[in-house]
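Shared between the two complexes below is chain A, which has chain B as its partner in the first and chain C in the second.
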Partner chain A sequence: MDTEEQLIIRLQSGDETSLAKLYDLLSNQVFSLALQILRNREDAQEVLQDTFVKLYQNAERFNPEFGSARAYIYTIARNESRMRLRAKQSRPQKLADIDLHDPASTFEANQVTDHDSRITVAKALEHLTREDQHLLQASFFEGYSHAELAEQTGLPLGTIKSKVRRALLKLRDLLGDV
Partner chain B sequence: MNNDILEDKLLEYVMGSLTPEEEREIEVYLNEHPDAAAYVRDMFEVMADVALSQEPATLPDDAEASLLSRIRSREEVPQEAPKNVIRLEPDLKINPDLKINQEDLGTLNKGDFKAGADTFEKPGKIETKASNSRIWLGFALAAALAVFAYLGFRPQVDPISQQLSQICAVQGTACEPIKGDQSSNLGTIAKRADNSLFVVLNEAPPEGQVYQAWEIKGDTPVSLGVWSGRVLDISQALNADSVFGITIEPPAGSPQPTSTPIVVVPLS
Partner chain C sequence: MSHPTDFLLDYALAELEPEKSLELEAHLRQCESCRSELKALQASFVALSESLPLATAPAASWAIIQERIKPQTPSSGITEEKIILTPIKNRRSWQAFALAASFILALAGFFWAFQTQQNYKQVRAEQRKVAGWLSRPDVASVQFLDDKGDRLGSVLTLSDGRALFVLRDPPEKGLAYQAWGMVNGQRTSLGLSNRTLLEVSYTGYDFIGTSLEPEGGSPAPTHPLGRVAIPLEPRPAPENKPDTPTSSKDQTFLEG
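For the complex of A and B:
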């Protein structure tokens, strides 16, 4: 079975079946990420499509030296979500109001293999301070820029950037230890 | 670039808050610095891991089919004119609500665009049969002259201008020309509703130097970063009663401005 990196490399030569395979592997989580940021099912679905269209168009920009295939795809999805959020000029409702599962769809748990990874990451996140968890949550899933976080917390911008950096590095170390 | 500025830039790269031009600059840097590339890779992986920690959401059953349909429909539309087709319309469709001043973009001429117009393609295939050769040759020459005349005066819209147009079209964004000495036009400043800025200057900084942006609060300039291209995307919200300025500085930037600002714009 091809790895995700091999699939992107095949996609670079226009292999549409590779796109479909990547979609099967990652679409639920890309959609979840977009939904977390946008909190609107229609917008998240648009972002999901835009992400894979962009992946198809920009596959040649993928460089495994800079990160894995899924990191590349998640980055596209996150940027697309943030652009949409900015274009809408409004902060969406709280996540608690969003149902991650579409009652009209049949959920095939094709991401079951990621279940263990999710538990691992959740455990690592628990080891971060509450402040670090908040900064990662806000900057990664709520689409806040560092400047907005600085304004929110009253901390200097440079301090926010350092804290986010440190939180990510600490999380990296924690995940390495698990 | 000193360590703090570099680490900030790498974090912004990972977070996706750089302009495409800045991203390319960072990628050039990463290609030359394996340690920095490894650092960025680690950051990306952690971000992907964090994304994995979320519960996957379920999709409508037709989502994949509609994506593939969208991909295929894009493939059916030729992205570039085939050799025997002459494209007679520019690709850009101007948003009729566009707020940017026509004169600010210099090369753009609103009259040259038709809002909502479809691309018109005229078959330019040239028959070479002897009986019709002169007639077709005449047509071909006329068409070639028309295309040459058209292309000669066709406005060239670069990606930066397109990006600026899109930003200026967003509700709540105010775009203004940046005036220099003797009212010369230095570029355009887009002030977004959240008080962040997108600045496009007409010229890149002199070779071996960078633009450094400043937020001046009272008498104190605070660095907003350095840019080696002509696009400065200031993603942070600036204080409404501060002054925005740009100076030309050495490649690593300066703790304080060392030259007379080329741009000074009150944000109030």
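For the complex of A and C:
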């Protein structure tokens, strides 16, 4: 069976079945990430579509030497979500405001693997400082740019980037331990 | 060695300008420490993304994506109907004949449409590949000429050691383009293609070239086409000419 990286490489030569396989594997995760950032199903659905169309169009830019397929695809989704936020010029509601009882918002929280993974990451996050937690939350789940975070906190842009970078590296260390 | 760690986060999040990305990639190829840090940053980002409650993607999305990436191909003609008027006494046999003919026509139409679609996909993939190369800031290109000065196509190179022969026409049926690398009198086959693109690695060679060979290739070039010196040295292009002719075919073709 092809790895996700091999699927993108096959997509580079126009193999659309590879796109279908990647969609089967990762569409829920991409949709969930977009939904988290945008807090709106219609917008998240459009980002999901834009992400896979962009993946198809820009597969050539993927370099397996320096990154995983998942990181590449989630990065497209994050950046598409942030572009959509900028276009709307307004911040979404808090996640708590989403109607989780809406049948259309099918959260599959009972999936054991995902549940375990969430607990592992949640535990690791608890070991970070509140500032680090806030920076990761704002940067990856709320769609704030580093420049916006610098403006919010009054810290230089370089300092924000260093803090986010160190928080990610610390998280990685913790995930290795938990 | 100084480590450009400030740029790793931007690179991991695809927020680094293309020129800086290329510089960073050159560093990454030599620096295990930065490669390891980049991998850690990406792994954390993936873990964070996958720690979210999993929502089910709307069912209609895949069909919309397929529609958006679907190439515009000519109509297959499968639905075209044929009306045949025949004398009543022969109608049954003519009906059978017409049915068989329609079936064969439909099958041929379907096969033609399938082939057209496949061919179109391949051409699109090739166009995307060339566009991808041309959009890179480190791309260098020269015209690829035969010994009469007629243009065979172009040769593109990137700073990462890859070269792309972009040939004007595909080889005739039963033939293939074969690429060769030459250094210190040694000649090495670099690959074959029965289409118009041929990607090779130029690292370690003084010249790269192509020849026309039977499908499956030859141990030595039998119909040499041309070669270019490595690295490419594109001079300022004259007006209306996208790149500069520097390739040649000579008597010592592919002999290093």
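The rule we apply is simple: the second predicted complex is superposed on the first by the 156 of 178 C-alpha atoms of A that agree within 3 Å, B and C clash if a C-alpha of one lies under 4 Å from a C-alpha of the other, contacts with A are read in each partner's own complex, and residues count from 1 in each chain.
We adopt the following convention: a residue touches a chain if its C-beta (ideal position, glycine included) is under 8 Å from a C-beta of that chain, and two chains touch if they have at least 3 such contacts.
No experiment lies behind these values; they were computed from the predicted model shown.
When both complexes are overlaid on chain A, chain B and chain C end up clashing with each other. When both complexes are overlaid on chain A, the residue A:157 reaches chain B alone and has no touch with chain C. In the superposition on chain A, A:87 contacts chain B only, with no contact to chain C. With both structures placed on the common chain, the touch criterion links A:12 to chain C but leaves chain B unconnected.
Contacts of A:135 after superposition on the shared chain: neither chain B nor chain C is touched.
When the two complexes are overlaid on their common chain A, residue A:22 makes contact with neither chain B nor chain C. After overlaying the two complexes on the shared chain, residue contacts for A:60 are found with chain C alone; chain B is out of touch. By the touch criterion defined above, A:148 reaches chain B but does not reach chain C. Comparing the two complexes, residues 16, 19-20, 23, 27-29, 31-33, 35-36, 44-45, 48-49, 52-53, 56, 63, 65-68, 70-71, 74-75, 78-79, 104-107, 111, 114, 117-118, 121-122, 136, 140-141, 158, 161, 164-165, 168-169, 171-172, 175 of chain A contact chain B in one case and chain C in the other. Only residues 12-14, 16, 19-20, 23, 27-33, 35-36, 41, 44-45, 48-49, 52-53, 56-57, 59-61, 63, 65-68, 70-71, 74-76, 78-79, 104-109, 111, 114, 117-118, 120-122, 136, 140-141, 158, 161-162, 164-165, 168-169, 171-172, 175 of chain A touch chain C when the two sit together in their complex.
In the complex of the two chains, the chain B residues touching chain A come out as 4, 7-8, 11, 14-17, 27, 30-31, 37, 40-61, 63-64, 66-68, 70-71, 74, 170-172, 192-194, 196, 235-237. On chain C, the positions that touch chain A within their shared complex are 5-6, 8-15, 25, 28-29, 35, 37-38, 40-58, 61-62, 64-65, 68-69, 121-122, 124-125, 128-129, 132. The touching residues of chain A, counted against chain B in their complex, run 16, 19-20, 23-24, 27-29, 31-33, 35-36, 44-45, 48-49, 52-53, 56, 63, 65-68, 70-72, 74-75, 78-79, 82, 86-87, 89, 100-102, 104-107, 111, 114, 117-118, 121-122, 124-125, 136, 139-141, 145-148, 150-151, 157-158, 161, 164-165, 168-169, 171-172, 175.
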